[in-house]
Structure formats: C-alpha cells, structure tokens
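Two complexes are shown next, each including subunit A; its partner changes from subunit B in the first to subunit C in the second.
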Partner chain A sequence: MLLIEQQIVLGLLLGGLYGLAAAGLSLVFGVLKVLDVAHGELIMLGGYGAFWLFALLHWDPFASLLVVIPASLLLGVVLYAVLFGFVVRADEETRVKNSLLVGFGLALALHALAVRLWTADDRSITTSYGGAVIAVGDLSIPVIRLLSLAVAFALIAGLHLLLTRWRWGKAIRATAEDWQAALLTGIDVRRAYLLAFAIGTALAGAAGTLVTVGYSVSPSIGLEWTLKALIVVVLAGLGSMLGTFVAGLFLGVAEALSAAVFGGPYREVVGLVIFVVVLVLRPRGLFGAR
Partner chain B sequence: MSALLEVEGLDAAYGDSRALSGVTLSVGPGEIVALLGPNGAGKSTLLGCIAGLVRPRAGTIRWDGRDLRAVSAHRIVEHGLAVVPEGRRLFGSMTVEDNLELGAFSPRARAGRRASFERVYALFPVLRTRRRQIVRALSGGQQQMVAVGRALMASPRLLMLDEPSLGIAPQLVSAILDALVEINRAGVAIFLVEQNVRAALTLAHRAYILEGGRIVGAGGGAELLRDPHVRRAYLGPLAVHE
Partner chain C sequence: MSPRAGGLALLALFAALALLPLGVRRDDLLNFVLLILLTITLAQSWNIVAGYAGQVNLGHAAFFGLGALTARTLWIGGAPIVLATFAGALVAAAFALLIGAAAFRLRGAYFAIGTLALGEILRTTVGNVLPEISTLPVASIAGYRLAHRYYLALALAALSVIAVALLARSRLGLGMQAIREDEDAAEASGVAALGLKLRALVLSTGLAGAAGGLFAYYQISYYPAHAFNPTWTFDALLVTFIGGVGTLHGPVLGAILYVFLKEYLTVRWVDLHLLIFGVLFIAIVLLFPGGLVQALIQAGNGARRRLGRRSGAPT
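Our next item is the complex of A and B:
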C-alpha cells in the first residue's frame, strides 16, 4: 500500500531529526547527570538563528549551520557558566531535581524571549529548492528533508568520532562512566562537563536549523522537541550516539505508522507508549551500556 | 630521610559518623608501606582524603613538603601520586588501550606516555595482546592489571592501591603482588591497603594498623607478622601457635 510506504519514508526523514535532537540531550544527561528540559528551547533558538540568517542576510539554511553551530556552542558555554555549572556542584541525586527547576525556568525565559523577538507566529525557510522532490517508483522524497537527514547523520558520525578519537572526547566518556575515577586519572571533570554541555547545545542548534528548513519553527515547539528527545534517549539508553540516531529513526517510523494505521491523533501516543514500555521492560534502553 | 607523603592529625567524617580521627602516618621515597585494618576502619576514607576525593575536617596532608589539601583533585596525579581505587573503577565500556591512555591524561604523564605504555606492557604482557578489547570483557585479574597499569601510566612516584587482591583468582593475586614488587624496584613508593594481611606484611617494609578510624599500631612488616595481636586479629586463631 503506497500510503504506508510513503509514510515510512517521511517517518525516517523526521526520525533523523529526532535522533539529532536526542543526541545532545543524551550527551548532557549522560555526562553531567543533569536533565536539561530546556533542550527543546535550545533547538527552537537554533531554528530562529537560521531563520534570521535567511530572512536578513539571505543565507542558505545549510550554509547557516556554519554560523549556528559555533554560536550555539558559545551559548552552551555561557549557559554552563551562569546556570548549569552551579547545578553540577550538588550530589547526583540533587542534581537532577535542581536541573529540572533550572531547566523549566530557562525554558520559560527562552520561550518569552522568542515571542518578544519573533512573535508567536510559525516561521519557516523557503528556499528555491524547497519544493523539489525525488521520485523513486511511486514514492516521492522531499529533497530538503533528505539533505537534512544526511546532515543529521553526518553530525552524529562526527560526534561519534569526536567521542572516540579526540583526547577530550575520551575524557568526556570517562567522566560519564565514573567521574571520580576520571578525577583520579587527572581529568578536569568540570571542563569535561563544560565541553559536553557546549557540544550538546551545538547539536540542539543544528537540529533547530534542520527543523526550521524542513518544517517550521515557533516559540512553542520547545516542549514538544524536549519530549521527543527524551523518548528517544529512553529508547536508546545512554552511551551510544549511533544507537541514539537509530532510535530516533525508529520513533519517526513508529509515529508515521501509527498515524497511518490508527489515524493522525495517534501519532503522539505511540511515543509515550514506547516510553512506558521501555522503562518497564528494559530500563537501560536498547543500546544502553548499563 | 624526608618523607614523600606525610599525613598528620587527619580527621574525617561522613555525616555524623567519624571515619578518621587523628591519623598520622608517612611514606618515604621508594618504600612499601601497608595499611591494615578491618572493614569500616576508614582505610578507603583515608585514601580518598589523600587523593582529594574526600574533604578532611582537620589535619594536614603534605606531599613532598607542600600542602596537598590546596591542590584540586584532578591535579594531584600531576604531582606524581596515582591511585588504584577499590573495585578498580575502570572505564568499562572502553578498550584496554583507552583506559591506559586516560591514565596518562595529565600533561607531564602525556609527554612520556609512549615509554609508559611499554613499561606497562612489559609488566603485564597479557594486556598488550588484549589492548583492543573492551575492559568489561576481561577477567577480574586482568581488569586489576589494567587498573594498576592505568595508575602507572601517570609515571607516579607513589602508587596507592586500595584492596588490589579483592575478588581476584588466587593465582592472579600473586601476579599482581609480584608486579608491585617489581614496580617498587624501579623506585616507585607503594602505599598498599590490603585485606590479605600475610601477603601485605611479607611485601611491606613497614605497616600501620587502622582500627575504628585510629592508628593503633605500626611497625616493620616482619615484626608485625610476629605480633600476637596482629596474628590473632588478622591471621586467624590458628596462626597464633604457628
């Protein structure tokens, strides 16, 4: 049945963005043991960054990644310095509670800021190739979303290399596994936290750009993206970025299928069902180490 | 001879319960010093204080004459003091090689890491053949070798080990302890917390006995091995008449 196959393709294309959105959240949660519920708002800000570069300077949205990613990285450094750097001083149990409060506060503030700067309207980026479609048999694949999926995968692969090859990447993974042992080997754990948070924010910015070019952005998309990212993180488990990406694709397809089979409203239900089922049956996730 | 590590009047607590009170001890350059005591005596707390993971309430910890309490935890290894923590605390999802490399993370150790790799592989040849394996897949004894190797990668002047023979097959225990003797022969001082009292006292030049957070005895290794209290408390009732 054509409708189903087309839905699966669209689900995969969206799922890649879920994976990218979740990678940043997973990194921050895995390393800092801090749940950044403002992650969706950081995605939203990245989207508006790309929107601004497009609307004011006529930058191609994919080229704008070259600015949005470093700018988000910097934003991550600032947010760590003024907010999350204080949260990680608490012991791990207190950390998650405190990070929820700080994260919700940050999310509200960023939401209000976005309404102020860009109004509450939906914004999107319409490029000259925005409507282009590749036809494969009976399927039609939107070029822009296909490009977005490719970029998302490239970023995840880059992150994977960074975490497995780079000296500080290994230090970040070591800190995620056992921060006290990391301290004993001479790793400045606070710096590993800072790097992980900044990289997580940069990934959010990149995800936001891709969301805005393939779909649209408004000040209120934050919560939805935080939820999707959280579902993917729970599904994938901590520790594997490639696994997180695969879990994102899975959620995208599962949503598309349930919408096709049970009707549109069920799109949002399947993710929550996955969330609960995974937590009950396999709390460490599909690819989680522990 | 001035001591490498000098702990004086150290007090530490977890919440309301006192873990250490007035602990004074020292380790000289090139020495093997053992710390004995029952579970809950405060041995791990003491190591934690020295390594900068536990903040003591009072007392001083001097390393090479300088106050270690003013040094942040991740910089302590840079000064030549490496720890093999209790339970190994390896990075289980990473390879043997990555674990060892992380042991040489501090700038000074990093400069000499090639030679350090060779030294560790010469000491534990099995690690060279297993270097690309994920640490979690190794046996307990091999993991302990990685743990000792990781600490050695820092080119320490003092190696502190917390229960290195715990949960390891007996034939591998002697391999680990032999390695410690060899490490010591290369000039590295060793501070050994160990449940295996007979092995520790045979190995050590000197030993301290920690009970209830206080140092209750000290002396040469061979001398303590003959001490009736030590024999009764740590070597079992039969050992008294041995």
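Our next item is the complex of A and C:
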C-alpha cells in the first residue's frame, strides 16, 4: 500500500532527528552519569537560534549551524560551570537523582523564559527550496528533510570519529567506561566531563536547528523531545553513537507504522510503550548494557 | 517550635479556614484559598511517596486525572460528590496497585522516567478517546455553590495533612524513611521494601485521586486530558521541594507561597512564576535540600543564638 510506504519514508526522515537528539543525551548520560531532562529545552533553544538567524539576518538554516553549534557548545560550558559541575560531585545514585531534579528546574526555567521572550507561538523556517520534493517512483521525498537527515548522519559520524580518533575523545570514552581507572591513568576527568557536556549541548543545538527547518519550534517542544531522546537512549543502550542513530531511525519507523495502523493520534504512544517495556525488562538500567 | 505545637498550629489554621465562608462573601478570596487547599492536597499526596518513601513519581498527574475522570462521570451520573470522590480515589489507588509491582522494579531515576512515560501514555490515550470538552449540565451550573467546593477542598487538605502527620510517626512511615535513606540496608534489617513502597504509592495516589475528584467538582468545564497533564505532577514536585520534601509543613508552606506568587504574577506576566520557581527549585536542590522549612528552622535557631548572646544567657 502506497500510503504506508510513504509513511515509512517520512518516519525514517524524522527518525534521523530522533537519533541526533538522542546522541547528545546519550553522551552526557554515558560519560557524566547525569540525566539531563532539560535536553529537549536545549534543542528548543537551538531551534530558536536558527529561527532568529533566519528571520533577522536571512541566514540559510543549514549555514546557521555554523553559528548555532559553537554557540551551543559555549552554552554547554556555562551550564556545566554553574550547574552540572556541582551535580557530578555526588556519588552515583545521588548524582542521577539530583541531575534529574536540576534538569527539571532548568527545563521549567528555560521554558518560561522562552515564552516570555518569544511568545508561545509555533515558528518554522520557510526557505525558497522548502517545498521541493524528489519523486522516487510513487514516493515523494521532501528535499529539506532529506538534507536534514544527511546533516544529522554527518554529525553523528563526525562525533563517532571524534570519540575514536581524537585524544580527548578517547579520554571521554575512558571516563565513561570507568572514571576511577581513567583518573589513575592521568586523565583529567573533570575536563572530560566538561567536554562531553559541551558536545552534548552542541548536538542538541544542531538537532534544534534541523527540527525548526523541517518541522517547527515553540517553547513547549522540550518535554516531547526529551522523551523521544530518552526512548532512543533506552532502545540503543549507551556506548555507540551509530547504534543510537539506528535506534532513532527505528523509532521514527515504529511511530509511522503505529500511526498507519492505529491512527495518527496514537503515534506518540508506541515509543512510550516500548520505553516502559524495555525499562521494566532491564530494570537496572543502561549502565550495564553495552 | 516542637512538632506537636506545629501540628496544633496547622489544625488551628484549618479550623479558622472552616469559618471563612461564613464571614466572607467574596468569591475571589474563596477561590484563592480553595486553590491553595487543592495544591496542599496534591503536594502532600506526592510527598508521601517521594518525600517519605523516596520514590520520585513523575506520573502523579495520571492518578489525579483518573480520580477526576471517575468522580466526574459518577457525579454527573447522579452519585453524591463525596461518594464519587471516594470512588475516584479508589480507582487511582487500584491503578497504582496494578502498575506498582512492575514500576518498582525500577530504582531511583529509572522509576522517575518510567512513571513519567506511563503518565504520558495515559494522557495521550485519554485525549484520543475523550477529545470532547466536559461541561456540567445547565442545571448543575445554576445550582453551583462555591462554598460546597470549598468545604470539600478543606476536608481533603486536612485529611492529607493528618495522614502525613500520622504516617511520619508510625512504624510504616519509619520503614518508608529507611527505604528512602538506603533501600538495601533497609531490606537487610528486615524492612519489606516492595510492600512498603506499594503501600506508600497506594496511599499517595489515593489522595491524588481524591484531589482529582475535587477538581472535577470544582471546574465547570475542562478537557478530560487536562487533568492528566504533567504540569499537575510538576506543581506537586515544585511545591513539595520548595517547602521541604519529607516534612509535614513543607508542602503546606510551599503551596501557600506557590499559589500566592502564581496568582499574583500571572495577572501581569504569564508564566513568570515558573521562571522564578524553576530557579528557586534548582537552588534548593543544590544548596538547601531541606527546603524553606529547614531554612526557617536554621534562621530561627540563628536568631535565638544571637539574642541569647546579647542578653548574656547561656545558649
């Protein structure tokens, strides 16, 4: 049936963004053992960055990534310095719990701030090539979403290279494996934390830009994207960025299929159900699974 | 202030509030106090499972919503409101029993995000099944008496405060607090953790369901899914933490401050109270885990010491 195939294609295109949204969360969770539930709000901020660069300076959204990513990186450094740097000082169990609470407070504050500054309206970016589609047989693929998927994949691949080739990337992975052992081998664990958090925030900013191009941004998208990212992280486990990307695609397709079978409004439910089931079956969480 | 004196002060406060509708004819004031009482009930109910048993339930809104849905349906169908509210509490608690054993396989933050997802599943489903707004029949609107809602709110708030006061001193409550401090150690010293956590959840969600019943009785029209909105959970969490999580007075103090700021700030600046409370909340989690109650006690002790020094009395 044509409709289902078209839905699957759209699901894959959206799933790439889920993967990118989850990559940052996965990195931060895996390395700092900090669950930042404000990740969706960081995505929202990145989205507004791209939106205003487009609305005020007429920057192409893909070009604005060159500004949004470094700006998000900087935001990550600031957030780590004033908030999460204090959270990581606690032992592991308190750390996860406190990070959840601090992230929640941050999410609330950022949401309220965004409503104050930019109103609660939905905004999106309409470029000259926004309506273009590529026809493949009976399927039509929106160019802009295809480009977004390509950018998302490129960013994930870049992150993978960064973590496997770069000196500090290896330090970050070593810290994720066992921070005490990493400390003993002379790695500056605090700096690895800072880098991982900043990179995670930068990824959120990039994801926000792509969300605003292909879809739309409003102050209240945060919770939804945090949940999507959490679902993907739970599906993929920690440790592999490419695995996270694939899990994102999987969630996109699963949502598309459930929308086709049960009707549109239920597309949000399937991911949550998978999430709860996986969590309950693997109750000790994700640290063990690699 | 000793715990007993503090408890008596709360009782006196509730007794005074019971006289309010007799002396005051202003609906805005009654509405305002009613909102505070609803918030006290909701926050105190969350406080049982999160503050005493240490399980951060982020799906609390689902139980509030279930209570509202049940009570509204029965009440519009002709049942007396007290019975309908009780039924709402029962349905919420029964649902808690149903999911509790599976949910408590999760520990700490995993329990939190698992219950958050559960709440969202319920909210989406209810929004899809019941998309129509629920409005009271015309006859009920004509007979709407705010004072009736007010007394139900007062009764539930008093009930929740008394429940927590009794719980805090009971064996049951001590067991819960042991789990909160260290679950493995509690189990090792003979506390049946799962059973106690389930009891905390049932008590907590039952009260939340009753609060939902009050909401269904109070609100003339609302979308059924609105009662399942996670903001109810977030309100309860903010109020409890800011006031003092795991204390009797914390949620009461937090609720008064929260509703006060919310009602007065929203008039001029939409959602500004959330910015203030978000920042305050972070500060409390990182710097003052005991909340306002602890801050007040410390300030009181400090003042007493200073006074003592000045008069030369031994401290």
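FYI, the second predicted complex is superposed on the first by the 279 of 290 C-alpha atoms of A that agree within 3 Å, B and C clash if a C-alpha of one lies under 4 Å from a C-alpha of the other, contacts with A are read in each partner's own complex, and residues count from 1 in each chain.
Here is the rule we go by: contacts are C-beta pairs under 8 Å (C-beta built on N, C-alpha and C of every residue); 3 or more make two chains touch, one makes a residue touch a chain.
Just so it is clear, the model here is predicted, and its values are computed rather than measured.
In the superposed model, A:112 lies in contact with subunit C only, and not with subunit B. With both structures placed on the common chain, the touch criterion links A:173 to subunit B but leaves subunit C unconnected. Of the two partner chains placed around the shared chain by superposition, subunit C is the only one that A:104 touches, whereas subunit B remains out of contact. By the touch criterion stated above, A:91 is placed in contact with neither subunit B nor subunit C. More residues of subunit A lie in touch with C than with the remaining chain of the pair subunit B and subunit C. When both complexes are overlaid on chain A, the residue A:230 reaches subunit C alone and has no touch with subunit B.
In the superposition on chain A, no residue of subunit A contacts both subunit B and subunit C. Across the interface of their complex, subunit A is touched by residues 51-53, 73-75, 77-78, 82-83, 85, 89-94, 98, 101-103, 105-106, 109, 150, 154 of subunit B. Per the touch definition, subunit A reaches subunit C in the complex via residues 35, 37, 83, 86-87, 93, 96-102, 104-113, 115-116, 223, 227, 230-231, 263, 265-266, 268-269, 272-273, 275-276, 279-280, 283-285.
Remark: subunit A residues 167, 170-171, 173-174, 177-178, 180-189, 239, 289 touch subunit B in the complex.
For subunit C in complex with subunit A, the touching residues are 56, 102-103, 105-110, 112-114, 116-118, 120-121, 124-125, 127-128, 230, 234, 237-238, 241, 269-275, 277-279, 281-282, 285-286.
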